[in-house]
Amino acid sequence: MNVLFVGAHPDDIELWAGGTAALYAAGGHTVYFCVATNGNVGSTELPPDQIASLRLDEARRAAGVIGAHLIWLNFDDEFLLDSRESRTAFINAFRQAKPEVVFCHYRQDYNPDHSISGMLVDECVQLCGVPNIKTEHPPFHHTPHVYFMDTPAGIGFEPEIYVDITSTFATKIELVRAHASQNSWMKHVFGYELEAFLEIPARFRGLQAGCRFAEAFRPSYRWGRTFQQHYLPNMLSVKAREQVS
Amino acid sequence: MNVLFVGAHPDDIELWAGGTAALYAAGGHTVYFCVATNGNVGSTELPPDQIASLRLDEARRAAGVIGAHLIWLNFDDEFLLDSRESRTAFINAFRQAKPEVVFCHYRQDYNPDHSISGMLVDECVQLCGVPNIKTEHPPFHHTPHVYFMDTPAGIGFEPEIYVDITSTFATKIELVRAHASQNSWMKHVFGYELEAFLEIPARFRGLQAGCRFAEAFRPSYRWGRTFQQHYLPNMLSVKAREQVS
Amino acid sequence: MNVLFVGAHPDDIELWAGGTAALYAAGGHTVYFCVATNGNVGSTELPPDQIASLRLDEARRAAGVIGAHLIWLNFDDEFLLDSRESRTAFINAFRQAKPEVVFCHYRQDYNPDHSISGMLVDECVQLCGVPNIKTEHPPFHHTPHVYFMDTPAGIGFEPEIYVDITSTFATKIELVRAHASQNSWMKHVFGYELEAFLEIPARFRGLQAGCRFAEAFRPSYRWGRTFQQHYLPNMLSVKAREQVS
Amino acid sequence: MNVLFVGAHPDDIELWAGGTAALYAAGGHTVYFCVATNGNVGSTELPPDQIASLRLDEARRAAGVIGAHLIWLNFDDEFLLDSRESRTAFINAFRQAKPEVVFCHYRQDYNPDHSISGMLVDECVQLCGVPNIKTEHPPFHHTPHVYFMDTPAGIGFEPEIYVDITSTFATKIELVRAHASQNSWMKHVFGYELEAFLEIPARFRGLQAGCRFAEAFRPSYRWGRTFQQHYLPNMLSVKAREQVS
Amino acid sequence: MNVLFVGAHPDDIELWAGGTAALYAAGGHTVYFCVATNGNVGSTELPPDQIASLRLDEARRAAGVIGAHLIWLNFDDEFLLDSRESRTAFINAFRQAKPEVVFCHYRQDYNPDHSISGMLVDECVQLCGVPNIKTEHPPFHHTPHVYFMDTPAGIGFEPEIYVDITSTFATKIELVRAHASQNSWMKHVFGYELEAFLEIPARFRGLQAGCRFAEAFRPSYRWGRTFQQHYLPNMLSVKAREQVS
Amino acid sequence: MNVLFVGAHPDDIELWAGGTAALYAAGGHTVYFCVATNGNVGSTELPPDQIASLRLDEARRAAGVIGAHLIWLNFDDEFLLDSRESRTAFINAFRQAKPEVVFCHYRQDYNPDHSISGMLVDECVQLCGVPNIKTEHPPFHHTPHVYFMDTPAGIGFEPEIYVDITSTFATKIELVRAHASQNSWMKHVFGYELEAFLEIPARFRGLQAGCRFAEAFRPSYRWGRTFQQHYLPNMLSVKAREQVS
């Protein structure tokens, strides 16, 4: 199964769904990380070009940790807009990844790139199969399911389904650490040390879900993507509960 | 796995979740039908005692169709209240069925017995394991998941998850027809022939879900019952999607 | 057409829907005022029995202003509960009035009698036609539409439809003034002079609705009561808009 | 009365509100169909220019079925954006139609052209009367009411008001069939035969509304457009209900 | 200022608002703990009478930690109902405490005693001043503000306002530990060690609020209790922000 | 403390938050009025350039009434879009004002400039501190709180917090009257005389809040802007309530 994660900035996927991505990879699925912007404002010291270049390197390194394929859309950081260019780029990325499942930011997230990239995924994913929309990669003919990732500190986000990431939490830390330039930046923006920022939400979502560490998601309920079953990693090997207990 | 369906009146389970119940039964699971009231006002011709007696017979016949166990709480029709007596009776029924999954009416359904029985399930299901609440059946020590069933004509109900009942729709008809006394009554109350009333929602939910006939549900998100996986029949044998397509 | 207004206390109908009631009456419709409790705590000076007796007199006087029929359920003020007794009393009142349209308090109103009476109307109105529920008045066989009345100062109430009461606002004042004992009580409870408390919301709802004075409502969307048309007074003589402009 | 329907693509109006449009036309009202995009990706075989040209022909034919006036905005299919150009084009279309009532897509519909066209109608309709916004057609000076049309398979759409289209359902079929090129396309996109896709929702909305076939709507509650009365076809000749029963 | 906390069971106040209560106490305010039920099912070993007696002792000890006054309503655990008796008991408790601010459970909390006690506070708090409702304590004449406390693991609870409890978190631990009998019980019910269950939510709410440990609340917006200012402990000594930074 | 108000058009700030702005100014705080568009369509008589020029004069005069600093972004009236240009202009305005608190339109307000300017504030305010986003004014390093202002006639707006503007209501009138050209325009657009339009909502919000005249707001709950305390004028000098009563 192909699984696509779409983040607004380098390190977003890792922060909000890194443990889940690692589970898919560990389960033998093909994972794609699509990064909408180049992160070229994400530094207090480096100028845009240099930080963008550095962040691409880091994104490659992070993707490499779990063998994910990186799709780099290269839009300017904090200036992702709804436009013909962005709709086309997203559709092309979907076609490159041919995913069964797509993860993206919540449409009511806290940042314009987050909100707009979530909107672009949610609205445009069903356009993959339209042959007259020409992009580099050819159309494919199923509609992927879409899950929204958690928000920073979970503000305004009511989870509907959880993934137990206890077994991949260490990998999640590694994924985020690959974005070495962002540690001081995150301290600057979020006011928190990396580990605290990762661990507190993971433990809280775990408390809600009944496990040690968890990531939380909401499905997008839309035409062609309603749910008879979920394709989350913890469901890919469901056994009837009584067999377990 | 034990699965418990709680309906306000005889025939409610069959109407809103009969196809799903049949799927569980066909899958070898143990199914319980718990009926909160005795349906003793559900007739334009018979007096309360006679109609209640007749409806118990019909409920037994319906349960027999799929080999479900019947739990008959015998509260008066249209007068189910939140009381010590009703909370205790519900807890005892949970303990009798020892379910992994419970289905009940939506708390914003259209009828007081529906709303109150939904509330009693949703609020009291986690009390099953409290030893100092003494009932006929002993406590058990896990918290079942809870799903809300659809409403009449789906009014005010936004589905979150669907079960494909194409293979059991004929059985669903049979389950409802076992409630022979209710055909004219339903015509009286709903103004619709039985088949139309069953078929139109099943086809609409199927249209939404991408299959011929479906039933629709909403999980109840509560402490101890959040979702890492669903235990709906279509999920008990999940295969990764790419293997199918 | 028969129209039923159900208020928790004497003067509630007049306060939140008096102008609309006056419009129905002026249009030749038969209006019922059903008062759930006897208002027996609504005084800082009189004991319960005396104030209840006085309030019944006042309620009669108010109903008389527009020729409405008064139904007095006589439950204790601030202690209306969901019970067999209250469900039966409400069903009997519906049957007495045989309404096409029922108005009641919003289910998220600010007072337990308001909330419970709104719930009892909303949940039990479709039980009017059930012959095995025996009450003094016989069953009838249609399901009335239900509208929720505004809340005090409109808190938490999003109107969906408005009635222009400019022509009956003076009558509304008269209806409320018939509850003479409540003027000082309202000052005590609401901290506002009667006129201010009536006029400010009426003008604000009028501003929203595009007229001088208005009352605001929300329909109850439930099985058997969905809307193909409204039966509000301003809709009973609708002319196509172009004929007007 | 002038009535304007705004659809994202050719055939959208027909699919979600064709029966209602036919009722207005049958009632002697002047109906406008405004189509935002030219549908130039809606084919698996034809290239954009040819399919756009064909779809314009079909849209004319459909409009002709009920004598509606066609307004063709000619934006590119799947690339409608919020822009100065689109706001101006929508305002000009409103001014051309001078409607009392406007129908548009729901703002949370499943497709970007649907969502954006719904937004453009909802936000810009009150700008019709601003003389300094110059467009081909002159300003007019009332604010039309706005209703949102149903979504595909009704996902995420809670109806508030219904129109009984039993008498025009055959015309609705004819309206949709005029879009002959779209039958195979719809099979491709929706996976359903045309008749099934039209009939299942119409019967479900009819079940909810208490008639055979219905279309469902939600009003837009906004400044200058709040509701004292509705101008839906079934309300234009309202008779007091007691005259009927 | 008098501050009243109303919990469903002994230890609920401590668990969801203990840090805030400690802040009020430290600020010189008079704090009341009102416990609705006697907790008489909260044990896997002791029978009801003994556990109730033990829990009263523990509740006294906990209240003693911060010098709070204990009000013990003694309803049966898990069987709190909306009744004349419970409404009267709650009104009497309000009158005893004469609070400016009341804290209670969220009305959509996970347990019937939680939901019902939240409802009783929210609906009945404005009845304190009604002289004809006779209770042991006399009426008082202002309407307290009401805040809803967080839910277990925060499920379904969107905070609106936070209290920084970093300085009283140790006291909160002490308050909860005073309920010694409940440590094993909580392990039984919640599956978590006490410290983990306290610490994870406190750190998560702190992450949301920008401090180390926090408790989260939602105001109740109702007639007579709308907000021009909050009376939370962190607001009682507000300094203009620029003076701080 | 610096306080920034962002309005879509000249006179919006004055209409929806003028009394609050006057309170801040009276309290010695530094107030900024940022006007997104130049109002160049707001006339039935003057052409765009002349009306824009006149409106700038009026905006300066209004700001002068309370000594506020005016920031004039000069976008075209009714054509404010989400673009690189608008995001940058807003960020620059934030940096110029360096506010602790920002007021803006509600994101579900009735007009595209209102909605878009509310979105731009809500999404972009936390970008002020990003050094690589270069604007005329330098970055600053705290995240302001954001409050949404009321809507016209309060439609669709549920207040969460109120400011008592009784003492500045006369100033609010003066602020709005400074926009002399808009009096006839408002009559044209809103159909109301200025005084009525100002007074009716102010009295209604006052009725809700328990004072004579009030303005109503909703906080924006987002990462970095959650609330431990509010910085509204009536809170800047909070005294414990018992000291007052």
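Read from first to last, the chains carry the letters A, B, C, D, E and F; within each, the first residue is number 1.
The working rule: a residue touches a chain if its C-beta (ideal position, glycine included) is under 8 Å from a C-beta of that chain, and two chains touch if they have at least 3 such contacts.
Just so we're clear, the structure is a prediction, and the values are computed from it rather than from any experiment.
Undergrad: How short can a chain-to-chain path be from chain D to chain F, counted in steps between touching chains?
TA: 1
Undergrad: How short can a chain-to-chain path be from chain B to chain F, counted in steps between touching chains?
TA: 2
Undergrad: Starting from the Cα centroid of chain B, hunt down the chain whose centroid lies farthest away.
TA: Comparing chain centres, F lies farthest from chain B.
Undergrad: So chain B and chain E: same face meeting same face, with over half the numbers shared, or different?
TA: Answer different: the two copies use largely distinct residue numbers here.
Undergrad: Which chain has its C-alpha centre farthest away from the C-alpha centre of chain C?
TA: Between chain C and every other chain, the largest centroid distance is to A.
Undergrad: Expressed in ° and rounded to a multiple of 5, what is the rotation angle of the C-alpha superposition of chain E on chain F?
TA: Fitting chain E to chain F on C-alpha positions yields an angle of 180 degrees.
Undergrad: Where the CA atoms of chain A average out and where those of chain F average out, how many Å apart are those spots?
TA: Chain centroid spacing, chain A to chain F, equals 36 Å.
Undergrad: Report, in whole Å, the distance between the mean C-alpha point of chain B and the mean C-alpha point of chain D.
TA: Spacing between the chain centres: roughly 39 Å.
Undergrad: What are the residue numbers in chain C that touch two or more other chains?
TA: 82, 153, 155-156, 158, 208, 210, 221, 224, 226, in rising order.
Undergrad: Does the chain-touch network form a line, ring, star, complete graph or other?
TA: other
Undergrad: Which chains touch which?
TA: Pairwise, the chains that meet the contact rule are A-B, A-D, A-E, A-F, B-C, B-D, B-E, C-D, C-E, C-F, D-F, E-F.
Undergrad: Tell me, which parts of chain B touch chain D in their complex?
TA: Residues in contact with chain D: 153-156, 158, 191-192, 196-197, 200-201, 203-204, 207-208, 210.
Undergrad: Please give the residue numbers of chain D that touch chain F in the complex, ascending.
TA: So the residues of chain D touching chain F come out as 82-84, 87, 123-124, 126-127, 129-133, 221-224, 226.
Undergrad: Which stretch or stretches of chain E touch chain F in the complex?
TA: 1-2, 29, 100, 142, 158-164, 208-211, 214, 219, 221, 224, 226-232, 234-238, 240-242, 245
Undergrad: Once bound in the complex, which stretches of chain F touch chain D?
TA: Touch list, chain F to chain D: 40-44, 47-48, 51, 76-79, 81-82, 110-112, 115, 151-153, 155-156, 188-190.
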